[in-house]
Amino acid sequence: MFDTRVSRRQFMQLGGMGLGAVALAACVPATPGASPLGAADEEPVVIRFHGRTGVQGDHFIERARAFEEENPGITIKEELFPHAEYHQKMEVLLAGQTMGDTFWTVLLSGLYHRYANQGVLLALDDMVAADEYDLGVFFPESLDAASHAGSLYSLPWICHPGRVGCFYNKQLLADNDLEEPPEDGDWTFENLLEYAKVLTQDTDGDGQIDQFGMQPGRDPFSLLVWARASGGEIYDEEGKTSLLDSEETLSAIRFVYDLMHVHNVAPSPEQQTSDMFVSGRIGMVQSGYWGQSWKNQIGDRFELGAAPMPKGSTGINGSMYEFDPACIYSGSEHPEEAFEWVKWLANKETGIRIAEAGSVPGSRPDVWEDPRLTQFPIHNVFTNIMYNVLPFRGPGNFRGLEIRDTYSNGMDPVWLGNEEPDNVVPTVSAKLQEVLDKPPA
Amino acid sequence: MTALKEVRPEIQAGPRRLKVSLKRQEAITGYLYILPWLLGFLAFTAFPFLASFYLSFTDYTVVSQPRFAGFANYAEALSGDDLFWGSLRRTFTYAIVGVPLGIVGSLSCALLLNQQLRGTTLFRALYFLPSLTPLVALALLWQWIFQPDFGVLNFLLAMVGIDGPGWLSSIEWALPSLIIMALWTTVGGGQMVIFLAGLQGVPQELYEAVEIDGGGAWYRFRHVTLPMISPTLFFNLILGIIGALRVFTVAYVSTEGGPAYATWFYILHLYTQAFKYFNMGYASALAWIFFIILISFTYLQVRASRHWVFYAGDTG
Amino acid sequence: MTSRRPSLLLYLLVALLATLFLGPFLWTVGSSFKHPTEIYVFPPLLWPQQMQWQNWLEVWRQVPFARYAQNSVGVTGMAVLGQILSTTLVAYGFARFRFPGRDFLFMVVLSTMILPFEVLLIPQFLIFRELGWLDSYKPLIVPFFFGAGPFFIFLMRQFFLTIPLDLDQSARLDGAQSWRILWSIILPLSLPALATVAIFSFLTHWDSFLGPLIYLNTMEKYTLPLGLRFFQLVADAGGAPREHLLMAASLTVSLPGIVLFVLAQKYFVQGIVLSGIKG
């Protein structure tokens, strides 16, 4: 009974023997694995698509209708799931082999490459070749990031250069006679520190600081921006060795720590609240392209500006190319039609529309250069970064979520000021190494 | 005790000896009544139970086929996984503090609302409101209350001269914060309603009997109310403990187990292993370890309950 | 009879607790009428400066909320019906009859409440796939006609056990007679219990998120708890804020629960007048 390899079907039978047979007899059995579509013969091919609800979900719906108008033979059935449980749902669909034809997934969690590695994704090389589809329209980095073991497993839907934006409150800067940070990113950690010092104030004179200078991100990808500017990395190119405790990365961690606990110009996580910047109590904040959406919450309280995060000791600005892929399920019965839809998601108009909706633009220079987007000054700041973006790097065993939890919980004592970086980082790095040493997920 | 003595004789006047055929008839009737559950259990639950038990001995990443791994998952949990014992300890801490507070709180609210005060109908609804708040709203709501800087809680504390902590973002205070959050949502919720219903079942004449004997409020509570509602108390206690040890949602929506694993509870660990780290086999082993702990716990409680739970309609 | 002084104290206590429970809830209400720029301000605003009534309408416009409400009503209605029917029978069986293995089976009922369902999710999904029930409401309804929900069986059994035996003697009767006893004596005495089960069952199914998430794919079939998530903002996806809409939507979803609770109150707080029956 306890064979070394038991398929799902086998243990279905195992459980089915004698179990529930009575109660289930009355129920109509259906063909397993069939998608619940009930498409008749002459109707258009239905392509199922999974994405997450919210701003992006609304966008998918809009683009699906536009696609159907141009492609009367194909109907897109969008199945959107909530963000927080999206990947749980994916696992269940995969376990039941009831995955939709096409779906959205993410890069940083390692899921995209995990799926590619596990054979869940359809390799697109043949279809790209047969279609004479021009991959040159994309940022070259996207093709690197989308490839796994020499094959292309998706077309990019959106992309951005990471948590590279130093967003600032123009009003606060002006009030303190500070020039706006340079749009080309030609400023240094030290410049930023000086800005932050000026902006950090006790505005009501009660002896407690109530306005801070700078709020750095706490996640590993925010730290990566500081680390790369200092010549450091979180792990090596293969994603097999932790470099968190390398001198370069450690120096970046020390700098961020000092902002919080030595210079006291950044709120420690214990003081920090999500609304501090938006409500005007913080001068600068680190975020990504999507930070522009804050303008909706800020209203007319102040004007939002953004510059690249400063250069570190290496003289470069830190960044990392990230994209959201549109994939085809390897079990899809309509790969050709699915490919049409994936191409649609990667086209110029889609790339512009999603940025207009408040998310991030498509992974094509022609999208980033389009006048519909270049009219926004902050967009152009990010475009400049895109042209010099540093490559994506992920964990070699695709355990990105595990890396993230290990990093976050391990580094909390540092950011909270309970421990000095030098005491904790080697331990956290060892923990990361333990995760990286695990077999592929 | 007088009150109880009054009812007891009737209760004990149950069936003395039954004929065999009668016994069989009773058994058959009993089985017939529980048949729907039995069928449902066999159809929808038994197989998943067996499957998860089998999976706990495998290496199963969901995308690939399960591979038999012997006791490796169990060994990993008990000796290899840093977070196993830590999460178990945190979970028990949460339960040991949270359950008594919850039970006492709910019972007190129920007693208060059972006093025939004017406007009780309104108050009952107000107490119940928090438990109706959808989860997504709850997460945002508490973020606002616990805001270290100018959140309501620290604002109120500041008024009495206390410099409040960072609550959810503090390693020391995150766990207590979640207990507060859970109490707010549940004290006036289900538990309280069950207590209320239980209190309604206490016959008035028992109180009157005590009143004649000259018993005070505490005496009434101790000798009439408490024994009479012991079945509901028992229910709330069992459910309270199971619920507390299964604590997941509050941490999932607000802290994600942090900071520094301060709220990394057992079920959160299990969920993370199953759906974030793709170790479904390992998660199944965690589930069965948890099951064994909790079922023995529950069994002991059921055994112990015979000494303190009083059923007016016990069939023995 | 109680004197006047303690009763005033009681009032104070009751009111104080009510404030504690109501206070945070009011913030939800206030936020649902805020303009997006008022959500994050310093100092925080409990109440908007200008009521944005349209938030509550916007909820219905942005998401097919009416559709989801309709689905929720259907699924909840059926599931609650099944739950009450099967729970009553099963709990009656456990509370009033002696049969071999009863205590063991009851432990099995309790144990289904204990094994973390997270690891049952995928095997359960496979069963419903084999049955061809995916993307239908059947997995959300049918099990409840078959005694799913150990909590309710346990709860109902506890209530039945508090009803004195000499009132029915059902154990000595055959199936048909015991059925009549259940119907004409036990159930009328169990109105508080039934109301409690009904309310909890309603709330459980009305708020159920995981079941619909796992089993439904077609968005037209979604229920309200899934629909609520459409208003949740993803941190790094950008877009216009929706917190104010989320609050309005959340309150809209909890309204039926509030109404039902108020309506059902008189049943579950209605005392059982034993003396009349004892005669």
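Order of writing sets the chain letters: A, B and C. Residues in each chain are counted from 1.
Note that contacts are C-beta pairs under 8 Å (C-beta built on N, C-alpha and C of every residue); 3 or more make two chains touch, one makes a residue touch a chain.
Every value quoted in this text rests on a predicted model; they were computed, and no experiment measured them.
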Relative to chain C, largest Cα-centroid distance belongs to chain A
Looking only at C-beta pair counts, which chain-chain interface has the most contacts?
B-C
Could you please state the distance in Å, as a whole number, between where the Cα atoms of chain A are centred and where those of chain C are centred?
36
For chain B paired with chain C, centre-to-centre distance based on mean C-alpha positions, whole Å:
16
Touching two or more other chains - residues of chain A
8, 15-16, 20, 23-24, 88, 91, 95, 274-276
Could you pull out the residues of chain B that touch at least 2 other chains?
39-40, 43-44, 47-48, 51, 62, 150, 275
Multi-partner residues of chain C (each touching 2 or more other chains):
42, 122-123, 126-127, 146, 229, 232
In their shared complex, at which residues does chain A touch chain B?
2-8, 11, 14-16, 19-20, 22-24, 87-88, 91, 94-95, 114-115, 118, 120, 210, 269-276, 399, 401-402, 405, 408-410, 412-413, 416, 418, 441
Touching residues on chain C, where the partner in the complex is chain B:
7, 10-11, 13-15, 17-18, 20-25, 27-28, 31, 42-44, 86, 89-90, 92-100, 102, 105, 107-116, 118-120, 122-124, 126-127, 143, 145-148, 151, 153-155, 158-167, 171-175, 178, 192-193, 195-196, 199-200, 203, 207, 209, 225, 228-229, 231-232, 243, 246-247, 250-251, 253-254, 257-258, 261-262, 265, 268-275
In the complex of these two chains, what residues of chain A are touching chain C?
8, 12, 15-16, 20, 23-24, 27-34, 36, 48, 52-58, 77-85, 88-89, 91-92, 95-96, 98, 100, 274-276, 278-281, 288-293, 296-301, 357-360
Sites on chain C touched by chain A in the complex:
35-37, 39-42, 62, 121-123, 125-127, 129-136, 142, 146, 213-214, 217-219, 226, 229-230, 232-234, 236-242
Please name which positions on chain B make contact with chain A in the complex.
39-40, 42-44, 46-48, 50-51, 54, 57-58, 61-68, 143, 147-151, 165-166, 169-171, 257-261, 264, 272, 275-278
